[in-house]
Each structure stands twice: as C-alpha cells, then as structure tokens.
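These are the structures in question, set out in turn.
Consider the two complexes below, in which chain A is the common component and chain B and chain C are the respective partners.
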Partner chain A sequence: MKLYITENTKRNDKTVAVDDTILVEGMPSTAGSKMLGEFKPLFDAEVISRLYNTGFSITGKSNVGEFGLDLLGETSNYGVCLNADGTLAGAAAAIVANGDAEYALSVDLNGTPRRAATLQNVCFIKPTYGTVSRHGVIPCACSAEQIGVMAKTSVKAAELLSIIAGHDKKDGTSLPQMKYDYTAADNATGIRIGIPTEYIEKAEQTVSEKVYRFADVMKADGATVEEFSLSELSFVQAAWQILLCAETCNNLSRYDGVKFGYRGNNSKDIGELYTSSRTEAFGLNAKFAILYGSYVLSKGHYESCYDKALRIRRVLRNKLDGIFSQFDLIIAPACSKLAYSPSDVVNSLEACYNESYFTALSNISGIPIVVCGGVQLMGDSFSENKLLTAATVYERTEVGK
Partner chain B sequence: MKYEIVIGLEVHVELATESKIFCSCSSKFGAEPNDNVCPACCGMPGMLPVTNEKAIDLGITAGLLLNCHINRVTTFDKKSYYYPDLPNAYQITQWFSPVCVDGGLEIETQAGKKVIGIKQIHLEEDAGKLVHDDWTDSTLVDFNRTGVPLVEIVSQPDLRSVEEVLAYLERLRAVLRFAKVSDCRLELGSMRCDVNLSVRPYGSEKLGVRTEMKNMNSLSAIARAIEYEAARHIDAIELGTKTLIQETRRWDDISGKSFAMRNKETAEDYRYFPDPNLVPIVIDEEWIERIRASLPELPEKKAMRYVSELGLTEESTALITASRNLCDIFEAAYPISGSPRETANWLIMDCMSYLRSKQLSADDLIIDPLKLGELIRMTIEGEITRNAARRILTAVIEQDADPKKIIEEKGLSVQSDEGTILAIVERAVADNPKSVQDYRNGKTKAMQAIFGSIMKELKGNGDPQVIQRLLKEVLDREE
Partner chain C sequence: MKEEMLKGLEKINQLSLTQEERRIVLDFFAFLAGEEEALESCNTDNVERMVHLIPLKNVLREDVSLKTFSQDSLLAGAPKHTDGYWQVPRVVD
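Take a look at the complex of A and B:
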C-alpha cells in the first residue's frame, strides 16, 4: 500500500497529508508522474504557507495518479495504492481513514477525491471555485481545479477549510473575500433537496441505496426531498471532457525536457528532444489529454468543439440558477460503484470518462461539493454552509444509531 | 507594366515598465543572463500569472496616441508553440479581444500627409533569447526577456513605398518615445518590425500574394528588405513562375536576401484559447480618462507653444522637442532661470556639447532642472561669469552638486569691487607698456591682451563690464 510518494518523518499532532500535485518546498513534488521525476519546487503553495503559519505539519505527499488525471491513483509512477482486499484505495482518503493524518488536502481536478472519499467513507469538501488559492497547484485544468479538504467528519473538514480559504493576490481567479466562516445549522428543517434521476439510473444499486438512505435521514430531520430530471448531464460530461483536455494539453506543454524534469535520451536536435522526452515520460492519460486537447483547440475544430463547450458552460449557469431556486441542495452518487478492482480500470481512459458523468457538473460550474456518507451533496456557489448542515445532521444520526 | 507595392507592418514594442507583465521580475535590459527570472517566467508549474496594470496603462496610452478605440473588455489568450526560448510552450497574448482597435497615424512624406490605419494594438509577453556558445558548441537559453511586456501594433495594408514605411516607423517611434511607452530601440530589439508585402498591377484593387518578412534590426535593413522582396515578387509575376506563395521569410542582411522559413501548409497551428487564469479586464471610462489626462503634450504642440508663447527660435525649438527628456528639463528649469531663451541655449549648446564629449544623446541627460535653472539665473543676473557657470555645469551634471555651494567653496562669485579691480588694472597697464603703446597708436585690439591678463589675475571671475570700463578709463586718462 503506497500511501505517500514522499513521507515526512518530522510530525506534530496537527497533521495534514498533501496531494503530490500541490507544491511543498524541499519535498519532491511530482504529480505522480515520471515527467517531473525528482522535481523539487522552490516555493510552498499558498495553502501550505497558511498551514505552516497556523502550526500544522505535513505528513507527506499523498500518492496520486499521473497529474491527477485518472480514476483513483492507479496511474501513479510510484505504484498503485490498494486496500487490504485488493481494491483501489485512493491514497489521500485512505490516509485519513486509517488515521495516519488528521486531514488531507486533495485537488479535485476530475472527481478523484470525491470517489476516494466515497470508497473510504470519509468526508471531503471542495468549496466554490476561487475560494482556495490555486497558487502552487501543478496545473491541468485551471478553470476548474480546486483544492479541497478530507477529514473523518464534516466539522473537522470545515475547520481546516476555513484556515486555507480566503483571497490570495498570487491567484488572479481568487475571490476577493478574505475570510470564510463555515458553520453548520442545527437541523435540516426546511431544506429542499433534489435528486436527479439520471444519476440514480447510471449508478449501481449499492450506491443509489446510499443516496436514498441519506435522503431519508434528511426527511426525518425536517427536509423535503424530490426527484427531478437533469437531462443535460450527458452534454455537461462531453463539454467538460473538452475543457479538461484542452487546458491540460496546454498546461502539460511546459514539460519539454529542456528546463527541468525528465529528459529523453540520445536526441540529435531540439525536435527529437521534445519527442523523446514526452514520449518516454508521459503515460496514457496524459497522452490522451494532449492529443484530444490539441484536436479540440485546432483550427477548424475550435468552433465546433472548444467554443461550443464554453457555451455549454455558460448556458449551464442559467440552468443551475433554475435548479437552485427550486432546491437548496442536490444529493447524488459520486461514482458508479463502491469498489474498483485494478482490472476495472485497465482501460483507464474509458473508466475515467464514464465516471466523470457523476463529477463533471461541479468541475465545469465551480459549485461546491461535500462528500459524506458515501454520497455527494451539491449546492449553488457559496452554499457550503447548507451542505455542511446536511452532512452534520447525517453524521449525528449515524453516530447516534 | 507598372506595379504597386502594398505593405502592412506589425511592430513589436517593449513597454517601459519596471517589472514583467505577469510576474514581479525586473524587465530591465542588460542584466547578466538569467538574473531576472523566477519560477513563473521560467515555466515552472504552480505559479499563476498576475497582470501588471502598468502594462495595460501603457497599452491604453499607445491606443490613445494612435487614435484607437479602447475595447471596454479586453482578454488574454494563450498561443501554443514549442521553442526553447518559450518556457511554458505558450505565450500569453491577446487574440480574441485586443486592448485597442481601429486607429490611425498621420505621416508626412514628400508627397504630403497621409493617415496610415491601425488595425489593432495588443499586449503580449516577450519570449526569451537563445545564445549560441561557440566555446562549448551548444545553445543556451536566457530567460531575462521572457515575460517582458510588449505591444504589437498592427497597421492596415496602407503603406505603398519604402519612404512611407520609414516615415511611419520614425513617426511611431517618436510618439511612443515621447509618451514614454517604450524606448523603441531597433538595435537592441525593444522595437521590432515584421513587413507584410504584396505587389499588384497599378490600378488593380485585388491584393497579390503576401509574404511576411522578419529579422530586420535597423531602418536601413527594413528599406533594403522591402526593395529586395518587392523586386522578387515583380520578377515572379513577370516571369510567370509559380514561386510566389504565401509564406514567412527571414531577411538576411549580410547576403541582402530573404529566405523562406515556413509556408501556409507547414504553418503552425497556434491553438489559441482564452487564458482561464486571467479574468477579462474591464476598462471603464474613468481608467481611460486617467490615462488621457496623463498623456504628454506632443512635440508639435510643444513646438508651437515654445515659439509663440516663450519666444524661442524655431531652430532651438526643433532641437529641444526632439527629446522628451530635454522638454521635461527645459520646462522645469526656465521658470527658475527666468529666461526661456537662455535656458534653451544652455540646453542645446552647453549641455549638448557635454553629452557629445561623453558620446551620449539628449535622452541620456540627467540633471536636476532646478539646479540648472538656478545656475542660469545667477549667470543672467551677473553673480557669476559665463565661464565659471560652464565649469559649475559639469559638476551639477556629474555630481548633482548645488551650484551655490560650489561658488562658495571655490570662490567663483564675480569680483566687481571697483577698488580691487582698479588696482589690478593699474598694475596691468604698468606691466604691459608695449600693448599700451599699441593701443595709443590706434590698435584698439591691443586692449584685449591687457584685459586678458587682468582676467587671469582675477581667476576669470572679474566682472567683465567693470574691467572694461576701468581699463578704458585708465588708458585714456594717462594719454
């Protein structure tokens, strides 16, 4: 079980594990890739500075799949992280679940931490896009990726989030608000909850049972629950794939073997250096994103692919306004099933795309997510406290049981 | 057949900001290789671009100077291509909504005045530089220039001759330098020009096949390149060969020829898309008005004012308004000196001859205008002689010295005490019988020699008028 890519032996009692896609000065930060090899950053990510300033210590760099592009870390250059039963673990969530660190910072690029938190039955909160600085995140899809917090309970996750959240002038998309107060209300009375039927239809029964179980707890506490149709989800999934790959392709272009990281062998000229370095060091997921991303941005395809995806993103905003005037939050599965064996993801590309059906909505629109009790709760931008209220009510009920 | 040359220019100008466009590194020219770099501008992951607003200010300034419309919302976009001097393998530029569009610049040639249309002005980051090291036979990368802010000024294809191109470039350079948008030095690469050229039969409306030429680093190279390329196009048309294709060509100034770099088929696809890290910039009226208010009075306006209101000659006006620096010094100094005319003279005579002796140009003059004004005032009011003032000027320029202090320290104030001077005059007359004799024989010039020895005795600080008067009195008295 390869939990960490780099482990820190010096620890105090306020411990945080950090995804290897987040830079920590002095520790190799590789995004799980061969391309970055032993790359040691010259500075700390903003979130890391904020943790140090408040007395936290870093337990190490959690194992992630290459650039965080895969399902559950199965494409890591440092070996896959498995549970005792041989299923995929998701390192950051596993670290929190087995108590090796109190918290983990995990980058939600394409839903990986949400799947991991679901499988490990821990809590994960990804706040509204722009709440937490992306300074020091090894970038793929800058318009969407956001650092979130894993912890055993939603209260603990919210505690750490309030420490790392707030404006950072080093990130041009960072929202102006300096401080965020994350507090849950006492009960779910009056909360209007929606469950999109399309999600339920795509998930295995074990997963949808969790959704209904969560809904029942909410109803018992005074919430209303209603199923509704969100037929746009397949468009959302396709548009997100285009945006994710286009931006990732662009951000991975800096790894060319010239300045740092992996350099290919025996190249006669600069063209060969580029080709050999990138061919030898990038894995399947990165290569797919590069090819697909180049295609959707190329002349002749920009209008029909990338630009259309941007328009879907804008139209979706209006759709979400409608949904969130009707519901305070949405309960949905975060993945299609509750255990993945490595053989499930041999063709990781297809598995990733299929699973993004459940996660793309929040990535493409930047809305906040709380994963709790094996389901994901989604709300409108800045509705974190409603999501936390629902999570706290659920956790209280389950513990009291 | 008679042919018409049709030319459009893309002029890159490095902006005169203190720091780079998306990080806080210095953008100063001439540092040791890779001294002005940080993780952001050498392409390391994790740093995010943060826009230097001064660069946008200067972009708007350029737009207002060239009568452009300023777009109220402007965006930054990414342009992807691989080259070792481009560390991110993308350049942040403005593709979808440039900061300025639809302007014009008036030029004047022998044929008269003409307005050259400006299609757009966009901001972008510069790339680094490759340096070949013969010693190790390797190519090294210098990222100092990476991220230095540029504007690219794209003209309409309105230019028809070398003369017009040179007039346009010189006018553009003068205006941008005057407003301190850029120092526009072709030889240092802070101004670079790509020439888009086609030819067509005279009178035809249809544009011919266009080629783009790069790598000219002087006005004369640009002129040569246009002449060569136009001749090449005309030959190709006349001979009916199919060698003329739309392509980018590199000018080689040594061989005097252009060479194909890449054509339409092999052209790179830059895969432009909006940079998600840089939110669109809203430029409101207030911002534009703030820049408008800060625009300098342009040379033509200044020249008119200097002649009509300040009474300068056209010649000295022309010399001063050729440099924004001289204008600034002049305008701050003359209210102190009390005489615009004298101040102008000091600048174009004494200051310029100092600069020439150091092989510097007018823009290099660094002097406290208040001290210069004070020095000139004291000279005008006869507190020091012009000779002494010249010597003090050097100290004011080189050491930023206070002229009054130097006068005190070195005893340079004018000696005009009549008793003292009379004694020296009498001694001089007694010591120079030959000159006195010559003077009395009608050689009035002989008086100069005696005057000189008196001035020498007074270390050059004697009041010339007092000496002159007393000397004449003594000579005439003893006749």
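Take a look at the complex of A and C:
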C-alpha cells in the first residue's frame, strides 16, 4: 500500500498531504503517471505557497490515479492503495483517516476525492469553481477541475479552505474576490433540502440509507426535506465524458518526450520518439481519453458531441438555477456503494464512467460540494456556508465531533 | 467506430495501441455511442454554448517581466540535452 509517492520527513504539527497532481518545488510531481516519473517542478503551486506562508508542512505527495482519470487510484503508475480488508482505499482520504496528516489537498477532476472521502468517512470540500487557484495543478480538464480539502471534520476542512481560497493573479480562471469566509451557522433551521430520486434509484441500499439518515438529522434540526425528480441526470455523465476527454486530449498533447517527462527508447526519428514516448508512458485510461477527446472534437462529430455538450452544460446550469431557488442544498450519494474491490476496476474505463453518474453534475457545472457522513451535499455557487452548516449539524449529532 | 478509424486517431495522437488495448477501446467507444444518443433527448435549440463556468473575459496582466527560470534549470528536466539545447533524433532526412 503506497499512500505516498514521495514522503517528506520534515514535518511540523500543522500537516497537509498533497495530491501528486499539485506541484511542490523540490518534490517529484508525477500525477500518478509514468510520463512524469522523473519530473521535478521548478515552482510551488499557489496553494502550496499559501500553506507555507501560514506555517504548514507537507507530509508528502499522495498517490493518485493517472492524471485523475481513475475510480480510486487504480490507474496509478505506483500501484493501488488498499485498505486492510483488501478494498480500494483512495490515498489522500486514507492518510487523513489514519491521522498521518491533519489535512489533504485533492484535485476533483472526475469525483475521485469524493468517492474516497465517502469510503474513508472523512470530510471533503470541493469549493465553487474559481475560488481556489489552479496555478500549479497538472492540468487535465481545466474548465472543471478544482482543488478541494479533506479533513476529519467539516470545520477543520473549512479552516484550511479559508487559507487557500481567494484570488490569484497567476490563474486566469481565478475569481476576483480576495478572501472567503467559510463559517457554519449553529443549526439547520429553515434550510430547504432536496433529494433527487434518480440518484437514490441508482445507488445500493446501504448508500441510500445514509442519504435518508442524513436527511433525518437535518429534519430533526429544523430543515425541510423533499424528494424531487432530476431527469436531466440521464445525459449529464455522457455530456461530461465528452468535455472531460476533449480537454484531456488537448492537455495531454504537451507530453512528447522532448522537453520534460518520459522519453521512449531507440527512436529513429522525431515522429517515432513522440509515438514511443506517449505509447509507453500513458496508461489505458489516459490513452482512451486522448482518443475519445480527439474523436468528439473531429469534424464529423464536433457538433453532435462537443458542441452539444457545451450547450447541455448551459441547460444544466439553468436547471440548477431553478433547483436552487427551490432548495438550499441537495443531498445525494457520492458513489453507488460503500466499498470497491480490485475486481470492480478490472475495466476501469467502464467503472469510472458508471460512477460518474453521481459526480458529473458538480464537475460540469462548477457547483460546490461537501462530502460528509457518507453522502455529498451540493449547493449553488458560493453556498459553501450552507453546506458546511448541514455538515456541522450532522457531525455534532451523529458523531459528536 | 471501426478499427481502421481508431488506427487513424492513434496516428494523429502519436499513440500505438496493442491489439488488446484496441479491443477494449473499441468496445468502450461502442458503449459510449449508445450513451451519446441520450444527448439528443436534451433540447439545445437556441441555447448558447457554455465554455467557461465563470463570467471572466480577457484576463490580462501588466506587461512586466516576472520570475523566469534559467536555461540550465529548464534543461535539467529534459530526457536528453546537449550544448544548451534539447536533444532529439533526426527531424529531416
């Protein structure tokens, strides 16, 4: 079980594990890929600078699936992390759960940190897109990926998020607000909660029980809960798959074996060097994303796939505007079940796609998420405080945190 | 998706799949073709594309030089370099 790709022995009492997709100067940053196996960045990501400036130390680079294209780390070039019972762990969440680091920074590209936090029963906040700088994140799908924070409680996760959030002039997609105040209210009185029935129908009973248990705690604290239909979920994951792969295809085109990263051996000419480097270094999920991405961007399929998906993104955003005028937050499963074995990811492509049913809506729309108590709470952009209120109430009630 | 078309995609993306990888990828392309049909159920007539999630436009910075990296530090990450240049195999005959 390789929780860290690089572990740091110099630590103080304010510790953060950092996904290996985030650059830390002087530490190898591989994004879980053979392509970047020898890569050492020349600068820190903005979030790392902010952590250092406030006295935090980095415990190491947590193991990740290749470029974030994974279910729970199974596509990492450094092997998958397993729990003691042989189920898939998710490295960053496991590090926080076992107490080796107080916090972890994880990049939510396709829902992996949310699944991991659910299974390890820790809290994860993926803030509104644009609130945390992506400067120094190894990019894959830039229009959606977002750094989030894991911790044992929502209050602690919010504390660290307050430190790393805020405008960064080095990131062209960074929102102008300089600081954000992530504080929870004392109780859930008046909070209007919705539960999309389609999510419940797709999840195993053990998962849906957690959703209803969370809802019961909210009701007991003064919230209202109502189930509703979100029929758009029937096409969200297909639209997101198209955008994810199209952007990944472009971002992974930079890896050619010339300026940095892995180089294939014994190439006769430059074309052979490009092909051997990429073929030998990329795993199958990355190769598929590149191929499908170029397919949906090609002349014959651009309008029916890529262009259509971008229009669907607006349809979904408009739909969410309507939903969040009716509800303050949505409670939903973050994954279909509460444990995954290695046999579940023998076909990782299919497994990742199927599970994206639960996570794609947030990725495609940029809305914030808080994972707590084995469920995910979704809210409108900049509604993190309401999500944190619900999480805090649940933690206080259920686990006395 | 036919195998020949997939080979074409491989070529333009500088990839060369094994036959086993090709089989898996073709199967998943076929699966996603069915999923793409679900997109048709969403009416996007007169709906504008949403490329960016946030309403930022033309994000520019002051035209001043910032921290740069030395030639040596940049070359240090290259698989091969010589005399201050990245080294590659023959480009033209």
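One rule holds in what follows: the second predicted complex is superposed on the first by the 399 of 401 C-alpha atoms of A that agree within 3 Å, B and C clash if a C-alpha of one lies under 4 Å from a C-alpha of the other, contacts with A are read in each partner's own complex, and residues count from 1 in each chain.
Definition applied: a contact is a pair of C-beta atoms (placed from the backbone, for glycine too) under 8 Å apart; a residue touches a chain by one contact, two chains touch by 3 or more.
Treat the numbers as computed from the prediction; the structure is a model and nothing was measured.
By the touch criterion defined above, A:235 lies against chain C but remains apart from chain B after alignment on the C-alpha atoms of chain A. Judged by the touch definition given at the top, the superposed model places A:42 against both chain B and chain C. Applying the stated contact rule after C-alpha superposition, one finds that A:206 touches neither chain B nor chain C. Once the two complexes are laid over each other on the shared chain, residue contacts for A:189 go to neither chain B nor chain C. Comparing chain B with chain C, the partner in contact with more residues of chain A is C.
Of the two partner chains, chain C is the only one touched by A:311; chain B is not.
Of the two partner chains, both chain B and chain C are touched by A:143.
Touch criterion met: A:172 reaches chain B and chain C at once. Shared-chain residue A:259: touches chain B and chain C both.
Look at A:135: by the touch rule set out above, it reaches chain B but stays clear of chain C. Shared contact residues of chain A, touching chain B in one structure and chain C in the other: 42-43, 143, 169, 172-173, 253, 256, 258-260, 270, 274, 294, 310. Residues 23, 31, 36, 41-43, 45, 134-139, 141-143, 169-173, 246-247, 250-251, 253-254, 256, 258-260, 270, 274, 294, 297-299, 302, 306, 310 of chain A are the ones touching chain B in the complex. On the side of chain C, the complex with chain A involves touching residues 1, 6, 9-10, 12-17, 21, 24-25, 28-29, 31-32, 35-36, 38-39, 41-44, 47-54, 56, 59, 61, 67, 69, 73-74, 76-80, 86, 88-91.
On chain B, the positions that touch chain A within their shared complex are 39, 42-51, 78, 80, 82, 84, 87-90, 141, 269, 271-274, 276-279.
Interface residues of chain A, counted against chain C in their complex, comprise 38-40, 42-43, 129-130, 143-144, 169, 172-173, 175, 232, 234-235, 237-239, 241-242, 249, 253, 256-263, 267-276, 278-279, 282, 284, 287-288, 290-292, 294-295, 304-305, 307-315, 317, 347, 349-350, 353, 365-366.
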